[in-house]
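Chains here go by letter, A, B, C, D and E, matching the order in which they are written, and residues are numbered from 1 within each.
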Amino acid sequence: MEWIVYGFLFLGVVFNLIGNLGVLIFPDVYTRLQASSTCTTTSVISVFIAAMTAAGLSAVTGKIFVIALFFFVSSPVAAHIIARYAWNKEIIPWRRTGGTVKTEEEKNE
Amino acid sequence: MKKTDILDVISRKLAPFILLFGMYLITYGHLSPGGGFQGGVVLASGVVLLLLCQGTDRVQKLFPLPVVNSAEALGFLAFLLMGFAGVLFGGGFLSNFLPVGKAGEVPGAGFILILNLVVGLKVGAGITLICFYLFKE
Amino acid sequence: MTLDLAFDLVVFLFLGSSVLSLVRVIMGPTSADRLIGLNIVAAQILAILVLVAVKEGLHVYLDVALVYDIFGFVGLLAITRFFGKKGDL
Amino acid sequence: MNVITKWRFVRILLTTGSLFIGWILFSGNFVPASLIIGLCFSFAVAVLTYGIFIDEKEADRKGLLPRFHILFFYLIYLLIKMYLASFKVLFNVVRGHINPRVVHFRTKLKSDLARVILTNSITLTPGTITLSIDDDHLVVHWLDSKTTHSKYAGLLIKGTMEKMLKRTFI
Amino acid sequence: MTETLLTLHIVLALLVLFSRNLLTAVIFLAVYSLFSSLLFFILHAPDVALTEAAIGAGISTFLYVWVIRKTRDGVAS
């Protein structure tokens, strides 16, 4: 049983570090959002699974389950509203061949 | 067919649970972290979530402005009444006069539970009112 | 290696990586990048809260984590709602 | 008794039930006093918000309640697929080889809830984010895209998820 | 751990003070209150952490953002 906890904790740490690295090195908003939403959600969910396994079957498990459910719903919605915010601000997605065109807000800052 | 909006559907399914969680924080305020003020703020945040996702009109139909306004005033009045009832029956202002049960149970707190409910009503209605007036523009 | 030690280690690693993701909040060129940083920081701190609460064995502390989750979402929603285009979102 | 009144009672009952399950998960104990207080509060919240929890127009829909066993399998499938997708994105980050494109496609699902679950699943799985949804028309940003043809892209992204959701929500 | 968080508080507060863009300042303030809530939680004050998360990250962000948008609309256009 302990090895499951260790395994999920290890997965959580690895996904978290790679997600942060992706957010740092990717070229534009949408690709950064890809790294952040996928990797960070998976890492936090694995930490929750590890915590549920470590706590055993008690009131703790139920409450962590509620938190995980809420996070499972709210994280993709948060990613979607950030993406729609950027899409409505008319930030042009980065392409492999062409360069990006600077938007109004980027020029101002 | 009406347009599908993600925020609309999500806020509709999520807001009742947030309101219930605020009620839970108020009720269990003496056993776990939470209490009247925090529970009231969570209640208000449920209304704010609806306000942000659905627009003012539908929320005003659910929580009409005069009702929220009078609930806020009623909360203040009830708090004062509770305090002076403590003066009348027990020792001083806000002192306990209800029977106290065993420690660690929900209804065993006597006075505190009702006081938390009143404070939660007052704070939730107050912050909801602030957000209504600000959002009306 | 006991379980408590592993939890402590993971908490420290998460705190360090949340400091790392602050870099994106500070130097993000547009405001959307900063919002991504805010979202990531909120998620990592949520994981830290749950780990600390399980390690201490106090299940009443988990209420804080749930409130934290709700308010991170509502704050992000408020920012995007007010600074996006008028009418839509 | 009018049919609208009957439908209102059914909605209040359904909302109270689902909120009461939430109360048990929040409080985590089965003390009778707590259960009674929780029932009162969930009934009060249900009376306030039944109109937005279950919309009035959903009466004609047969699949008001999803089939829970398929939904359960769907969640497990989504969890496994999420892990695989994260490994894919991980290799993309490490190798630094990405090819992002924006693709458009349509979905066949009718119910609002099913569409929202589909968009959330798309956001969770392999490097795709839903940028906007307009009725049945989805705009998706795809990291490491293989094709730009709308039908094949739709097949590759939606895949099995749409079929399972169609069986869940009718 | 506490020292790290306190250092972060100072850095974030300075960033809030010296950022030119108002929206950036609000986002820094939200991050500041998130870290502040974590500090209170680690020092075993869950009530204060709850209040800080609720008021700092949720409601005060709402109010600040509303006021900024209102003033910008009034001045710019």
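The criterion applied here is as follows: contacts are C-beta pairs under 8 Å (C-beta built on N, C-alpha and C of every residue); 3 or more make two chains touch, one makes a residue touch a chain.
Only a predicted model underlies this, so the values are computations on that prediction, with no experimental measurement involved.
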Smallest number of contact steps required from chain C to reach chain D: 2
Path length in steps (a step moves to a chain that is touched) from chain B to chain C: 1
Taking each chain's C-alpha mean as its centre, the one farthest from chain B: A
Pair with more cross-chain C-beta pairs in contact, given A-D and B-D: A-D
Inter-chain centre distance, chain C versus chain E - centres from mean C-alpha coordinates, in Å: 13
Averaged-CA centre spacing for the pair chain E and chain A, given as whole angstrom: 21
Distance from chain B to chain A - Cα centre to Cα centre, in angstrom: 33
Multi-chain contact sites of chain A, meaning residues that touch two or more partners: 33, 41, 59-60, 63, 66, 73, 77, 79-81, 84, 109
Overlap residues in chain D, where contacts from two or more other chains coincide: 22, 26, 28, 119-120
Residues of chain C whose C-beta touches two or more other chains: 31, 35, 37, 59-61, 63-64, 66-67, 70-71, 74, 77-78, 83, 89
Interfacial residue positions of chain B with respect to chain C in the complex: 7, 18, 21, 25, 31-34, 38, 42, 45, 48-49, 52-53
Interface residues, chain D side, partner chain A - complex: 22, 25-26, 28-29, 79, 82-83, 85-86, 89-90, 92-94, 96, 98-102, 119-120, 123-132, 139, 141, 143
Parts of chain B lying in touch with chain A, wherever the complex brings them together: 6-7, 10, 14
Residues of chain C that touch chain A when the two form their complex: 3, 6-7, 10, 13-14, 17, 20-21, 23-24, 29-33, 35-37, 39-40, 43-44, 46-47, 50-51, 54, 59, 62-63, 65-66, 69-70, 73, 76-77, 80, 83-85, 88-89
Of chain B, residues touching chain D in the complex: 1, 3-6, 9-10, 12-13, 15-17, 19-21, 23-24, 27-28, 50, 54, 58, 62-63, 105-107
